[in-house]
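After this come two complexes, each holding chain A, first together with chain B and then together with chain C.
Showing the complex of A and B:
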């Protein structure tokens, strides 16, 4: 027994001494477990970084997306956070506030040319940067719109709210579709605030009053928000869109199979539509309901954990990852929007004349960040419930009042989310 | 002396053997249970850099505060006459105008209408600080009150039917028990397809048997049918479990009693009423208590099938506890809900025990 322990100690000291001569290990957590293409690109990036210098060696640990945020929270409680973290844009302030993340020390020049969406700023400091962004567009078919005599909107001249409404009614009157428009109500969760809160913002309301982030009263239940709520509810009462019980299968295939004429969908689903409808497919900007056309911004981003003992190395890695060639690789591999003009020009889908070029313009022109404050994960849930309730016919003012109160109460309970 | 020491030794061994189980139960059941009570009186959050503070009973007030508002018809400011609108109906101030930013009634601030009724010319409105939680409590009680007798009764019926010596009876035992073995999450997912509004199996069947006269219903998407749908599915899912308990009870009744009643010329009903039912007394209490407790913790079906919607028609107490504590990161409120549920369940269990006590007189 004693010999065994002694032997073990010998081994341990041997290993410790070899580590001392080699590079310092940095662990990195990533949310994309299960996606082979994504893994290959991330592994390639890590290999390149490890070869490019001798001080640090990044090691990847992958998690399925559904379990990722919980894993980080659990690790933070247990004091076992990795060096490099992957974080969903709107969740970042919550983690920064909780002390999980440290501000980046990456040279700002490395992301100077980036679209605004992928840069995660909180309290005036950059905590995370994304290698891509995502965007949402109205997906439709030219032939359908032309047959119904509907103008095809452009980024410079989007539909107004009335035009959009009239277009939906015209398509409904044609009788060729089960529903003229598909919002994607089957995608519960973050899709609701990501995809639908920009409508509210275009009406002039918002999830929370961004001036100081102290209350939602007046912004989520003010006159503009009520106007939005009534319009939103009318989409369902007039049977212009499928409701909350839409099946996920219909959401995925409804446009392609001709159930719906238009769909509110992200760039990640765009390639399938291009394959199906070729030149007939058209990606159109969000309608302008008064305060300009808006779509959501910010996707997954990289940041540095506050618990890391090697923050310099973690920052080095992130700076390395921000090179155009990796941005292009991610875009080509998983269809996401490359965040710089150069990486877009080099990509297959977003280059000039590429099938999804329009998304880069949309992201640039319309992208609006979701509220940047640590209470966002709570507000997102409240907003999701309010929109589902409205879709199912609950009274507009009372529903929005309740949602605004809940968000305000959460802010008060957490002392305005200031430390 | 010698034997005393030996006894002590064996006691120590006993504790040692009990240690793994005791430690696990302590760590995963008793400690969380006590922590729940503690958190319910604090402002504990899931993620927060702020220190936990004692907040007294404010979490319970947030959840349970109720009030009654009386809305009087609006009167003309000059003549004090009751105003009527074009259709001749009385007009009332909105609840909102009284409960939002109204310094005259600080207690009612932020409360919302739960339900209301007419009393003369006035309207009485019951307002709650947390209407969603109130609805969750009501839904949970409806669920318990429907499921407990129905599930227990159907399970007894099934048990009586399969307690016969017929060829192939084991086949039916297996069939009835099958849903119990399948994970509730899988069952819920399958029933979501069955209940689906456009091309679900249930709608298709009903349409087929009524020769197309039946109009498809969006079972889970309609506030009126969502809770009954979940109730029906829940009864079906767990009925096999209670059937087995009934069956074990049935098989403890001595055959000689039935033989004796046969000789006396008893009918089937008399045999059930005077032999079977008294013999099942303790089983009945067990089944009732178990179903009640299980029904109070309704969660998985709601989480998978409706998420509490549409419009709060399927909110339940446990679903709200998880929603607040986990999704909305408010551990304190989630714990307070758990404490309320604990108080409810223990009260009802004690009442059940009292009502079903052995009468010695």
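Showing the complex of A and C:
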């Protein structure tokens, strides 16, 4: 009898170990290498998922953000994409079009309450969902604005373009600042289209015509875009903002050190300003240049690789990650905007009365996706160069014509980005 | 008493431009090392003044501690030194043997192959990176874990494709051409084999060009970024230049960046200091410049 019991126990433990061994490995690539806080949260999420079920075991490989897209592209060429990958929102259509990503099969109820920015939709299908969003605001000090007799704008009543211009001129006239406003020209790359294309959109233009995404002609070089271009250039000629040669040091410390009165900056830098200026700091919405106040949307999101042989498991993981508690953890850990009202209410910084509560409202009210088409990475670089050239004095209409032409030619060369 | 004074003056003046030129090269290193000891806020505040070059203010090794916490710095350093040293050793051997063959042996098609080889000097890695990636992804390998296909995520994928190159062959060819042919003839008369001539006669005379080739190859390999980025998805095989990207987050900790840069500069300086005499001798004798 003892032998029988012992034999049964051995069999049971063998079966249990076989079940544990049978879990299928899912590889996941993430862009956060070098950020210890982010790594801990992602690892915690993976650990929870792996414990929650026995079918799949997610394994993490981290990449530095600045090199992530190139690594994914190289892996796609070699046919070595992982099961789960994260993708920067505006880049997603390019990867979906190139066949790197598969549409998600996650239950839409899992992201039904999300802000629009973190949902990566292309061609009517959801390819990625983000656990957070990012937003940009005008950052300043109440005391400075009040001392200059400037109204503090709100989400409900933002500055008009004229009010914004007048505010900058008043601050400049006070003579107390090297520049009244800092756009962050020292930050290159994606910052330009993310942070500055909403100004163009508020004027009524855009990087590309979103009606079919077949041309940029008329949107990037039409009357509204030229009006934007002239205003943009005038910021530099009137010495209201530092130019393209701004040092990264000034960008990082200029507002805190009193060099600039206002700054155009993201929520990721907001806590530093709260620490520095306490109650005096104020986060304000983008000005309305005619077509409504607008800011950029969409940050990093999770998606499933088209090469994955276990897309069911990958989708299961993403659905698991969309729980409010993880959204709150990411927000508390790395300061980004929680995408649901519940996760925002539970977060340290975005709850009612929290120091960055305003960003959730800004994201909800003003967020505008960058053009959702596969050619965006090309258009973004063209747009960056055009704005940089305008800042350095190039002729507005000619510069925008050339940029629109380059973007349109790229679309034509790729046959309207249709397969 | 006046004679020594007048003879000293001109030589002292000669050092003034030399010191100024030296300072141009030293100041960036000085800035990097001093900045690595300061908190980011102070580093940025000092960057617009001469304080940037001085060990003043809140000085500590905190940035180094933070750099090691942010990234596996020791692993990245080991990987880079291992990959670079192995590649340099292989390249010196393969390229010197090839050059020996081009200069001293007579074989059909020699000049044509040399010409074809030299044309590869104008092809940058960016042009061949994707085809090379596809190739190494299909190659077989027998390692500790048995037989496998595909070299991605390995040391060999960062070493073998660079273990011979046209520039290093060219350096050796030019140097070997200037060696007296009588040496070879004498060795042949004495009954030496070609291998013995290469190993015992030619290479002992090739110290300066070996040092030059080693330094140039070392720098090229140590500074590699694109290729390792493409072929290393696993952290355990990443070299220092890919590791540098770990420090560029949304809010960049410049003090940590400087600490990391200081650490990864050390192997380069050590290598150069070890070979500098032979390097300078090579430049002086051949006019080859790096």
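The rule we apply is simple: the second predicted complex is superposed on the first by the 398 of 419 C-alpha atoms of A that agree within 3 Å, B and C clash if a C-alpha of one lies under 4 Å from a C-alpha of the other, contacts with A are read in each partner's own complex, and residues count from 1 in each chain.
Convention: a contact is a pair of C-beta atoms (placed from the backbone, for glycine too) under 8 Å apart; a residue touches a chain by one contact, two chains touch by 3 or more.
Quantities reported herein were computed from a predicted structural model and do not represent experimental measurements.
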Practice prompt. Classify the contacts of A:413 with the two partner chains as first (chain B alone), second (chain C alone), both, or neither.
Written response: first
Worksheet item: Touch check for A:272: first (chain B), second (chain C), both, or neither?
Response: second
Item to complete: Check the residue A:247 against both partner chains and state whether it touches chain B (first), chain C (second), both, or neither.
Response: both
Practice prompt. Considering only touches as defined above, state whether A:389 meets chain B (first), chain C (second), both or neither.
Written response: first
Discussion item. Applying the document's definition of touch, where does A:378 land relative to chain B and chain C: first, second, both, or neither?
Written reply: first
Worksheet item: For A:80, is the partner it touches chain B (first), chain C (second), both, or none of the two (neither)?
Response: second
Discussion item. Quick check on the superposed pair: does A:64 touch chain B, chain C, both, or neither? Answer first, second, both or neither.
Written reply: second
Item to complete: Return first, second, both or neither, reflecting whether A:234 touches chain B, chain C, both chains, or no partner chain.
Response: neither
Discussion item. So in the superposed three-chain picture, is A:53 touching just chain B, just chain C, both, or none of them (first/second/both/neither)?
Written reply: neither
Response to the item:
On chain A, the footprints of chain B and chain C overlap at residues 247
Worksheet item: In their shared complex, at which residues does chain A touch chain B?
Response: 73, 76, 94-95, 97-99, 188, 243-245, 247, 250, 377-378, 381-382, 385, 388-389, 392-394, 397-398, 401-402, 405, 409-410, 413-415, 419
Worksheet item: Quick one: in the complex, what on chain C touches chain A?
Response: 41, 44-45, 47-48, 69-71, 130, 133-134, 137, 150, 152, 226, 229-231, 233-235, 242-243, 245-252, 254
Response to the item:
So, in the complex, the side of chain A touching chain C is made of residues 29, 33-36, 61-67, 70-71, 74-75, 77-80, 82, 247-249, 252-253, 257, 266, 268-269, 272
Item to complete: Report the residues of chain B in contact with chain A in the complex, numbered from low to high.
Response: 43, 45-50, 96, 100, 110, 112-113, 131-132, 196-198, 218, 220-221, 223, 307-312, 323, 327-330
